[in-house]
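One chain, chain A, links the two complexes that follow: it is found with chain B in the first and with chain C in the second.
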Partner chain A sequence: MSPRPGFVLDVDRSTPPTLMWKGESFGLQKLPTGSRVIYAPEPFDALEDPETAIREALENPTGDQIPLSAQLRSGMRLTICFDDISLPLPPMAAPDIRQMVIEAVLDAAAAAGVDDVVLIAALALHRRMTEPELRHALGNRVYDAFAPHGNLMQHDAEDPDNLVHLGVTDKGEDVEINKRAAESDLLVYVNINLVAMDGGHKSVATGLASYKSLRHHHNPSTMRHSKSFMHAPDSALHTANWRMGRLIKDSGVNIFQIETTLNTNTFPDSFQFLQKREWEWNLRDRVSFQASSRALDAAPKKMARQILQGIKAPHALRSVYAGEVEAVHEKILTDVWAQQGVAVEGQTDIVTMGLPYICPYNVNSIMNPILVACLGLGYFFNLYKGKPVVREGGVAILFHPTRPEFHPGHHPSYIDFFEQVLTETKDPVVMSEKFEEAFATDPWYIHLYRTGHAYHGVHPFYMWYWCAHAMEHLSKVIIVGGDPATVRRLGFHPATTLDDALEIAQDTVGAHPTITHLHNPPLFLSDVT
Partner chain B sequence: MKALIVERKISRFAAARVASAFGAGKGAGIGPLRLTDTATPKDRGAAWVGVTPILSGVCGSDLSTVDGRSSHYFEHIVSFPFIPGHEILGLLNEASLDAHGIERAKGQRVVIQPVLNCIVRGETPCAACQKGDIGRCQILSSGKLRAGLQTGYCADTGGGWSEGPLRVHSSQVFAVPDDMSDEDAVTIEPMACALHAALRCHHDENSTIAVLGAGTLGLGVVAALDFLSATKRIVRPRRLIVGARYDVQRSFARAFGADDVVAPDQLSRAVRLATRSLVSGQPTGDPGQLSGGADVVVDAVGSAESLADALKIVAPGGRIVMVGMPGKISIDLASLWHREVEIVGAYAYGMERFGKKEIRTFDLAMELVAHHHTGQLVSAHYPLERFEEALAHAGAAGRRGGIKIVFKPGSSRATNKKED
Partner chain C sequence: MSNKFTRKISSLKFPLAAPTWPDSLPRPNPKRNTGLDYDTAWARRYPARFARAIFVDFISSPLVKTMAPTTVTGAEALSRIKGPVIFAANHNSHVDTAVLLSAIPVHLRHKVVVAAASDFFFDSTVKATAMSLVLGAIPIERSKVNRRSAETALELLKEGWSVIIYPEGGRSPDGWMHDFKGGAAYLSVRSDAPVVPVFLDGTSRVLPKSPVESGVSPGGSGSESRSTSRLRRHPVSVTFGRALRSLPDEDARKMGPRIEAAVSELGREVATDYWTARRHRDTSTTHGPSAAPWRRSWARPPAIKVSERTPRDSWPE
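After this line comes the complex of A and B, so read on.
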C-alpha cells in the first residue's frame, strides 16, 4: 500500500485527543471542536538499494557537471565536506547517510589513486562535533582512516589561516570560506535535505563560511524578508546565499554537490505511536504511549532527556542526486515537497504547536529557552510556502516547559544572551546594533568555539533573528506550561492550560478564533493557499 | 529618655548570633539590644551641644552588632552600654557652632558626622586628623570620652536610636539646608561613606568597575561615581556593572547611573563579557576565575563569599575596595598573590582632595544627596518601640522591596512607603 498523503483534519466531537509534545514529555490534548490539525504525509518507502542509487548518482551527475570518477586523478586535492550534527533530526540510526555517501566517494577516489583527501564537517558557527558524534556520522572505518592523521577536520570560522576571501557580491557581501575547501581541485559536498531550506548554495556559502561572511544574511532584515525559508524564491536568506554561491563558482571553486532526501520515518518501533494518527492507534500504541509518557513524567529531567536524546530515527534514503549545485537542488526540492508537502486552505487566527525535545542546535544537549523560541517561531512557524498557517496579527500557542536551563559547554553565550540581552531588549534590530558585535568577537566565546564544543558567541542572536519574521507577523505568543518568569523574559505570555491560553488570546483574536494545530514531528511543509 | 541600648552581656550576644542564623536582624529580640528608659548623656561642656534625633538609620554594621556578629576587633574601640545609631538627623537643642565654625540657631536641623576622633576627644590632633582624614584617626579610645569609634558606639555620647538628646561636639555638626527633606538628610552619612569608597577606586576612563551588593552602600557608590563624574571631579569609568539581587535594588542602580545591572550570580559573567576576558577551566554556569576582569571591584557586602567573588572577577593588578564591613573570614588568597591584586578598605570619610582643592566628605555628600535625592532609598520609618520589627525589616529590606530602614524616635507608629 502506498503511503498516504498528509491532510488537514477538522476536529469534531468524536475526534480523539491529539498527541502534544511538551519538550521532554508528551501528553494528549483535546482541541476545541472546529480546530484543524495538519498531519504529515506517511513516510515514503525507502530506496531498495541505496548503495547502488548513490553510485549511480555519482556517475550520472545532474546539470553542468561531469561524473565524479572522471574528475578524480592521482595527485589532486580532494575535499569532502558534510553536514554536521544539526541534521538529520533525530539523529539517524546507523549507518548514517553521510557515511554511505562518503564511503562511495572514497571508494571512487581510492580507485583513481587520489591520496590527498580531507574530510571537513561544515559547522559554520555550530559547535564542534565530539568523537562519538563524528564516528556515528561517518562510521568507524572512515573515522579511523582520517582522524588519526589529521585529515578529518571541523570547519573553523575563526581560523584566519584557513579562510580565504573570494570576493564581494554585487550587493556588497563578503564571501569568505574555508581555504582548504576553496583551494582543492574538487570540493564534494554531502548534504542531507531534511527540509526545503537545506542544501543548494547554502551548503558551501553558509556551512563553510566565516562570521564576516555570514553576517550579511544572518541578520534581522534578511530574516524578516524570508517568507519563508522553505521557499527559496521568497527567501532573502536564500537569495543572498545564491549570490554568494555563484560568486564561489565564478571564482573557480569546483563543487560536486550531493544532495539526499530521507523519508519521514522519524521514530523507532517503540515510539511509532508518535507518528501515527491518534484514531489509528492500536493496543500496542496505547500501551506504549501510557508507559512512555508516564515514565518520562516520573523520571528525573536529566534521565528523561537522556532517554529521548538516545532515540535514533529509522530514516531511510529516499533519493540522491549529484552534480551541479543548482540543478541538483532543484531536483531534490521536488522530492522534499513530495514527501513533506501538505495542502492547506486558508489561514487561521491561532496556530498551536507542541514543541519536542530536539531542534537542530540541541542534539545531545539541552533545549534552552532561546532554542524553544527558535524551534517554535523560527522553524515550525516557517514550515510553509505561500503564506503562514496563522494570519497576520494572529496568535501562536506553544507547548513547552521552557525552563531556564542551559548547557554551559555547548551554549555559553546563550546564558549571557538570556541574562543580559533579553533583559534589555527583545527587538532583533536593537540587539543586533547594540550587542551582536561584542558577542561575536568575544575572545572567550571564540576560544570555546574553536577548542571546545561551544556554539559561536553570536549564535543566540541568529536564533533570535530566525524568530524575527514570526514576531513581526504575530500579535502574541503564548507558551502553555512554560516557566512564567522565563517565558516573560522571552517577551511571551505564560499560560497553564490551552483554555488559559485561548482566554489570553481572546483580546487579539476574539472569543471564537479559528485554530490550526501543527502535528509535528514528523516534519511537514504547509502549502497554504 | 527612651532609648535602645546595647549592653555587654556575653550570653545575649551568643543568643543573638544563633538567632541571626535565621536572618539578619533576627537577633534584636533576644540579643544585647533592649528598649529602656535611661539617663540622658551628661553635658560635656563647651563646644558640646544636645541634639534631638528626628530620624536615625539602621546600617549594616548596626545589624552585625545587634546580631552579635561584629568582629572582636571592635571590642576595644567601643564602650558599653551604648545607644546605637550613627546615621543621625536631629535638631539642635541650643545654639551652637557647626563644623565650619558657623553659628547655628537652636532648632536648626543638623546631621552628625559621628567619628569620635581626637579633636572631639579633646586630644592633640593626630597626624591624620590634622589633614582632615578623621576616618583614619589614631585615637579612638582615650581622651575625655570613653572608647568609641563613632557616636552610636560610645557610652558617653548617646546615639541616634533614642529620644535624645545625645551629646555632639560642634565639629561633628553639619547644618541641613532648609530645602532638603528629612529623608534625604538622613542619608548624608551613608552617602559620605559611599563617596569616600568611590574615591578609593582610583579608576580612570578606561576602567571597568564592578559593584558587588546593592544595599545602601553599594547603591551609594554607584550614585557617588555618577555624581562625581557629572560634576567633573573624576572621570566616568568606561563601564559600571552592578550585581543586585532584588528588583528595587536593580531599579535604583539603573537610576543612579549603572551601565549594566545583573543578578549577583550573573555578575562574573557580565564582567567577563564587558572586559572580554577568558576563563580558567571548562565553562560552567559560573565562569569561575576570569583571566582578566574588572579594574576595580567594590565589595559592598563584606563577607567571605563576596570577597572570594571579588577576587575571581578583579583584573590582574586590579583593586578591591571593601566598603562593606567584613569580620573574621577564611579565604584563598592565592590569586591575590599571583595577580598582584590590591585590597583596600574604605571606612567613613574625612577630607577629599581634587587636585589642590579640598572638601569635607560630608559637604560633598550633601551635594550628592541633593543631586540624586537618595532619600528615596528610605523605605520605612519605625518608632523605637517596634525595634524588633524595624531590624527584621532592615535585615530583609531587599526582599521586602526596601533599601534603608530608619527609626523615627518621636513617632508612635510605623510608616512604610509602600503602605502610605
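After this line comes the complex of A and C, so read on.
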C-alpha cells in the first residue's frame, strides 16, 4: 500500500487525545473540539538498492557537471566534505547515508588512483564531532583509513591558516571558506536534505565558512526576512547563501554536489506509536506508550535523556542526485516537498506544538532553554511555505519542561548568554549590537570551540536570531509545563496546563480562538494557502 | 464485585482502552483476522481438542449440573448414530451450548463444532480464540446462508465433525421460538448428514438475553435491568428428536420447515407429553402467541424452582 499523504484533522468529540512531546517525555493531550491537527505524510518506501542508486547518481550527474569518475585522476587533490552531527534527526541507524555515499566516492577515487584525499566535517560554528560520532557517520572502514593519517578533519572557522578569502559579493558580503576545500581540484560535498532548508549553496557557503563570512547572513535582519527558511525564494538567508555560492563557483571552486533525501521513518519499531495516528494505535502501541511514557517520567532526567538520545532512526534513502549545485538542489527540493508537504488551508489564531528531546544542536547533549526557543520558534514555526500556520499577532503554545540546564562542554557560551544577555534584553537587534561581538571574539570560547567540543561563542545569538521572525510575527509565546523562572527569562509566559495557556492567550486572540496543532515529528512542511 | 469490575473496565479510556475513531475520517476496511476471516483450523488439532475435552467434561459439565440441573430426553436414539450429524436447536441463552455439549453422548461430544455468529463471537481476536478453543466454534454469517461459512461447515461434516447450529440465527429475545433460517437444512441437503432436532427448555431462566442486547431499553432502575442478565440456578431440559434426513428431491427450502416443525414438536412434548405433542400441532406452545411483546412475555410459563422439578427416584416406603 502506498504511503498516505499528510492531512489536517478536525478534532471532534470522537477524536482521541493527541500525542504531545514534552522534552524528554511525552503524554496525551486532549485538544479542544474544533481544533485542527496537522499530521505528517507516512514515510515513503526506501530505495530498494541504495548503493546502486548512489553509483548511478555519481555517473549520471545533474546539470552542468561531468561524471565523477571522469573528474578523478591520479595526482589531483580531492576533498570530500560532509554534513555534521546536526543531521539527520534523530541520528540515523547504521549504516549512515554519509558512509554509503562517501564509500562510493572513495571507491571511484581509488579506482582512478587519487592519492591526495581529505575528508572534512562541515561544522560551520557547530561543535566538533567526537570519535564515536565520526565513526557512526562515516563507518569504521572510512574512519580508520583517514583519521590516523590526519586526513579526516573537522572544519575550523577560527583557523586563519586554513581559511581563504574568495572575495566580496555585490552586497558586500565576505566569502571566506575552508582553504583545503577551496583549493582542491575537486570538492565533493555530501549533503543530507532532512528538510527543504538544507543543501544547495548553503552547504559550502555556510558549512565551510568562517565567522567573518557567516555573520553576513546569520543576523536578525536576514532572519526576519526569511519567511521561511524552508522556501528559498522567500528566504533572505538563502538568497545570501546563493550569492556567496555563485561567487565561490566563479572563483573556480569545482563543486560536485551530492544531495540525498531520507524518508520520514523517524522512530524504530519499539517507538513506532510516536509516528502513528492515535486512533490507529493497536494494543502493542498502547502498551508501548504506557510503558515508555511511565518509564521516562519515573527515570532520572539524565537517564531519560540517555534513553531518548540512544534512539537511532530507521531513516532510509529515498533519493540521491549528484552534479551541479543548483540543478541538484532543485531536484532534491521536489522530493523533499513530496515526502513532507502538507496542504493547509488558512491560518490559525493559536499554534500548539510539543517539543521533543532533540534539535540539530543538542545531539548527545542537553536541550537548554535557548535551544527550546530555537526549536519551537526557529524551526517548527518556520516549517511552512506561503505564510505561517499561525496568523500575525497570534499565539504560539509550546509544551516543554524548559529547565535551566546546560551542557557545559557543548554549550559554554549559552550559559553566559542566558545569565548576562537575556537578563538585559530579549531583542535580537539590541543584543546583536551590544553583545555579539564580545561573545564571538572571546578567546576562551574560541579555544573551547577549536580544541574541545563546544559550539562557537556566537552560536546562542544565532539561535536567538532564528526566532526573530516568529518573535516579530507572534504577539505571545506560552510554554506549558516549563520552569516559570526560566520561561520568563526567555521573555515568554509560563502555563501549567493547556487550559491555563488558552486562558492566558485569551486577551490576545479572544475567547474562541482557532487552534492548530503541529503533530511533529515526523517532520512535515505546511503549504499554507 | 464482578459488576463493579465490569464497570471499571468499561470506563477505561484511551490509551488503556482502544482509541475512538474521529467522526470526520472514513473508517478503512481493515484486513483483519476476525469475523468470517478467522481461521479456526488450529482449534481442531489434537492439543486443542484435548484441552477442550478436559474443559467440557471436567469444568463446563459439572458447572452445568450445578447451575442448570438437566433432564435429558431422547439421547438414547443418538447411540445408533455414528456421526457426523447436525444438531439443530432452538436458542435462548449463552448457556445453551454448554448445556447441549454436556447432554450430547460422549461418542459424538468430542468431535463437534458450534456454528457461532461471526459478528458477535469473532469480532475480536481474543474472543475468537477463546470461543474456538473452549467451544470449538466456527464463524458463520447469522443473517443468511453465506457461501464461505457454509463451505467451511460442509468441509467439516465431510471430515466427520458434527455441527451444532441454532437455525433461529441468534438467541430468542423473549424465550419463545422464532422462525428458522435455512442453514441447517442447506447443510443437510448438501452433505447428506442427518439433522437431529433438539429442544432446549429453561436455559433462558439460567442466563437470559439482557434487555440491552435485545434492543430493549432497560426500564426501571439500573439494578433491575442488570439483574435480568445475571446467572441464576434453574432446571433445564434437553430433548433430542429423531434424526431427519433429506428426502429424495427435497431441497433446503422444503427441508427447513420440517426441521422447525420437529423442534417445535419437541417443545410441545416438553410442555405436555409425547403423545399430546404429536396429536396437536398448535405452534403457540413453542412460538408463543402472536401478540404484543408484553403479552408474549406474560404467556411464558412461570419459572420453576429446582426443588419443584420431578422428584428424585427413591425407594418405595
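Definition applied: the second predicted complex is superposed on the first by the 529 of 529 C-alpha atoms of A that agree within 3 Å, B and C clash if a C-alpha of one lies under 4 Å from a C-alpha of the other, contacts with A are read in each partner's own complex, and residues count from 1 in each chain.
The rule we apply is simple: contacts are C-beta pairs under 8 Å (C-beta built on N, C-alpha and C of every residue); 3 or more make two chains touch, one makes a residue touch a chain.
Note that this is a predicted model, so its numbers are computed, not measured.
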item: When chain B and chain C are modelled together on chain A, clash or fit; value: fit
item: Which superposed partner A:16 touches (first chain B, second chain C, both, neither); value: second
item: Where the C-alpha centre of chain A sits as vertex, the angle toward chain B and chain C in the overlay (nearest 10 degrees); value: 110
item: Touching partner for A:442 - first (chain B), second (chain C), both, neither; value: first
item: Chain B versus chain C as contact partner of A:507, first or second or both or neither; value: neither
item: First (chain B), second (chain C), both or neither touched by A:56; value: neither
item: Contacts of A:452 with chain B and chain C, given as first, second, both or neither; value: first
item: Contacts of A:408 with chain B and chain C, given as first, second, both or neither; value: first
item: Touching partner for A:419 - first (chain B), second (chain C), both, neither; value: first
item: After superposition on chain A, the shortest CA separation from chain B to chain C (Å); value: 41
item: Common interface residues of chain A - those touching chain B in one complex and chain C in the other; value: none
item: Chain B-facing residues of chain A, complex; value: 406, 408-409, 412, 415-416, 419-420, 423, 438-439, 441-444, 447-448, 452, 454
item: Complex contacts: residues of chain A adjacent to chain C; value: 9-17, 28, 278-281, 283, 286, 289-290
item: Interface residues, chain B side, partner chain A - complex; value: 260, 262-263, 266, 269-270, 272-273, 276-279, 282-285, 287
item: Chain A-facing residues of chain C, complex; value: 14-16, 18-25
